[in-house]
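Shared between the two complexes below is chain A, which has chain B as its partner in the first and chain C in the second.
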Partner chain A sequence: MYGKRLRGLALTTAALLTLTLLAVFFWAPNDRTEGFLQKIFYVHVPMAIITLSGFIAGGVLAIQHLRTGESRWDLRSYVAIHISLVFGVGVLVTGSIWAKAAWGHWWVWSEPTLVSFLLVMLLYATYQPLRFAIEDPERQARAASVFAIVAGVFVPICFTIVRLSTAYVHPRTLDNISGNLPGRMQLVFWMAIGSVFLLWLLLWRYEMASKHTSAQLRRLRQLLSEDDEALPPLRRSAAPTVEHAGIAGR
Partner chain B sequence: MPELPFHTAGPYVAAAYIVFVALILLYVAIMAGKLSRIERELGELTELAAARRSGRDDVRSEEE
Partner chain C sequence: MSDSPPIRTVVGALLRKELRVELRTFESIPAMTLFSVTTYVLFHFGLQQNQVGGSLASGVLWVTLLFAAVLGINRLFVADAEQGGFDGFLLSPADRGALLLAKGAALFLYLTVVEVISVPAFALLLLEPSLGAAMPGLLAVLALVNLGVAAIGTLVGALAVRTRSRDLLGPLLSLPLLVPVVIGAALSTTPLFSAPARAMPLHWLVILALYDLVFAVIAFALFDYLLED
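So, the complex of A and B:
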């Protein structure tokens, strides 16, 4: 069951998030060049890393779907991509705020990291319309899995190319970790990554629990209905139909 | 890049963190909507089960 241990996970996430926010504002030192503005780093960069990791996780789960043929993997992949898209919107908005403060513009088209992230987001923005365009659930799941795998492979390739490319304006986060990010900043940064990851996981499990509960309700309605009474057909949706994904699948 | 003074950088930092919190709250609101739909459906099913049970009891008492 996805609802199992959800309370513990929620409490742990809330505790770590609170601790991280306290550490960001009261313990981590201000950056020497950006000053207080650099505090945006602790929300923007972890969200970006978790978003991209979530997209890759969606691809890995989709591989499982194609390998096993079990639709529950498609549901897991769908929810992973769905949550990552929500986080991705947060990355774009917080990044724009940071850009405005640091560079005086909400968006800088010549900055490869920004543009490549936008490209990834636009790519994944087509995921739901793709699903919605295919009516047959089996075909929908297969096509979505192929998309998730190809796009999941594109994510690291895109960012490796950007890192290997020329003019760097954007701060190199991972270089900073191994290089000149001071001890306290580094610790708080890892705490921020941990708490954003827990938040992502919590929302993923919430969504999965919600979808399974809805499916079980539908099943219960079927059992309680008069003999052989057919249920109204499910509305066409981009989301995998959970009956199809199998509510027994955990 | 010159360091921004606290009173200039502060609103930007606050805005970024408010966006983060707002996203979480938005998600909680969406989940609350889903929960209320599940609650409503469960209420309907409870009524359905109760109606079926009372129907069965009526048949049994008639047989007796």
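So, the complex of A and C:
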């Protein structure tokens, strides 16, 4: 179900990513103040936007889980948050590199977006430990969904409050991201957002497909094996198991 | 649900039970208070300052109170999880939101009692300017902080209590969620603790109140799902 059309999506993503990188390096003009360095902007900012959207999407999927009680929504929410966590580490690293290059420090407390992002990551870093600490799969799914919703709401609030707390210390240079970019830069920026989004989506679909495939494999093994040689029990895991997600049959 | 008792009665009964348990066991309040006073002493040695004022005083006060609150959050649901309080409550026809309200109110009261001792102790041990002038503003901030901690702490406490590593997960989950509360509280009280005391920025009180409100609503909406079995 999740494996269909994966190849097409993978090829499109690869093509758009290559095209974007070529455009970033050879077509977009160099920034007047920051020069070549500013190119990291095309990786860092789209990745940050997609990560935060992924966290919020995880919350929305979790709402769906609590409303319907179907655990496939929990699996979707888990995979969304999982991929976003991986992207988030990339955001922190690229942001740190950018800060070092532009301001001379690896970490800048007066930059509210960087600080809020760290806060959000610190919160989401507890998502997997929370899941891992609950053994009963249904209770794990419910607790994880409650967490995903709370954290999803926390994301925009955290950004607003940290921004407010530094507003009078540090004037914003990029007040709205797309507003003051010259035409070509803006086009490349949107291309970068598109390709990072496709990459996120691709990885999301890959992980979903992989989870389903391994569940199906396990089911087939169970059918093949005699009753006396039962399969080893699943290891305790932070990820929702597809058997409990009730979709192994599809 | 038609024959369920009115929510006010249930909340009252649950809150009385909470306070009776606390009065009999003295599990939370004395530990939180003692912890906060010990932390002031630690700050004295850690910062190597006899007196603090301004933003330093704000920081010491709010971080200490927050860590003390985390102790309370960790204990809040333990007795119910271990001794069948949840099961008893779930068997009754009472509305589940009542448990959230009662626990939140209990946590709010614990924090208030702790602060009645801990804030004067802070003024005595560390605070440079006098507490009297700062008192009206400080009381308002304390009330809003307690509300926020009560809302977030009750939700997180219920989330963490039935996990294997609840003592670790409670603080890990609650501290990031409480950072905005610290931001608001610290920015509000820094002018109050400054040497020529300045006026408190009122917009931070509004932001704190909004934050409290948002998390109170979220806690109320999601609490049911944490009790289901």
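Keep in mind that, in the parts below, the second predicted complex is superposed on the first by the 225 of 250 C-alpha atoms of A that agree within 3 Å, B and C clash if a C-alpha of one lies under 4 Å from a C-alpha of the other, contacts with A are read in each partner's own complex, and residues count from 1 in each chain.
In this section, a residue touches a chain if its C-beta (ideal position, glycine included) is under 8 Å from a C-beta of that chain, and two chains touch if they have at least 3 such contacts.
Worth saying up front: this structure is predicted, and the values here are computed from it rather than measured.
Visitor: Chain A superposed: clash or fit between chain B and chain C?
Guide: fit
Visitor: With both complexes superposed on chain A, which partner does A:Leu22 reach: first (chain B), second (chain C), both or neither?
Guide: In the superposition, A:Leu22 touches no partner, neither chain B nor chain C.
Visitor: With both complexes superposed on chain A, which partner does A:Leu164 reach: first (chain B), second (chain C), both or neither?
Guide: Touch status of A:Leu164: second partner only.
Visitor: Chain A residues in contact: does chain B have more, or chain C?
Guide: B
Visitor: Classify the contacts of A:Leu11 with the two partner chains as first (chain B alone), second (chain C alone), both, or neither.
Guide: neither
Visitor: A:Arg142 in the overlay: touching chain B, chain C, both, or neither? Say first, second, both or neither.
Guide: Only chain C; A:Arg142 stays clear of chain B.
Visitor: Using the superposed model, give me the angle at chain A's CA centre between the CA centres of chain B and chain C, as a multiple of 10 °.
Guide: Roughly 130 degrees separate the directions to chain B and chain C.
Visitor: Between chain B and chain C, whom does A:Tyr206 touch in the aligned arrangement: first, second, both, or neither?
Guide: First partner only.
Visitor: With the two structures placed on a shared chain A, what shortest C-alpha distance in Å links chain B and chain C?
Guide: Superposition on chain A places chain B and chain C at a least C-alpha distance of 26 Å.
Visitor: Can you name the residues of chain C that touch chain A in the complex?
Guide: Interface residues on chain C, with respect to chain A: 155, 159-160, 162-166, 168-169, 172-173, 176-177, 179-180, 183-184, 187, 207, 211, 214-215, 218, 222, 225-226, 228-229.
Visitor: For the complex, give me every residue of chain B touching chain A.
Guide: 1, 3-6, 8-10, 12-13, 15-17, 19-20, 23-24, 27, 31, 34-35, 38, 41-42, 45, 48-49, 52
Visitor: For chain A, which residues are in contact with chain B within the complex?
Guide: 21, 32-37, 39-40, 43-44, 47, 86-87, 89-90, 93-94, 97-98, 100-103, 199, 203, 206, 210, 213-214, 217, 220-221, 224-225
Visitor: For chain A, which residues are in contact with chain C within the complex?
Guide: 66, 119-120, 122-123, 126, 129-130, 133-135, 139, 142-143, 145-147, 149-150, 153-154, 157-158, 161-162, 164-165
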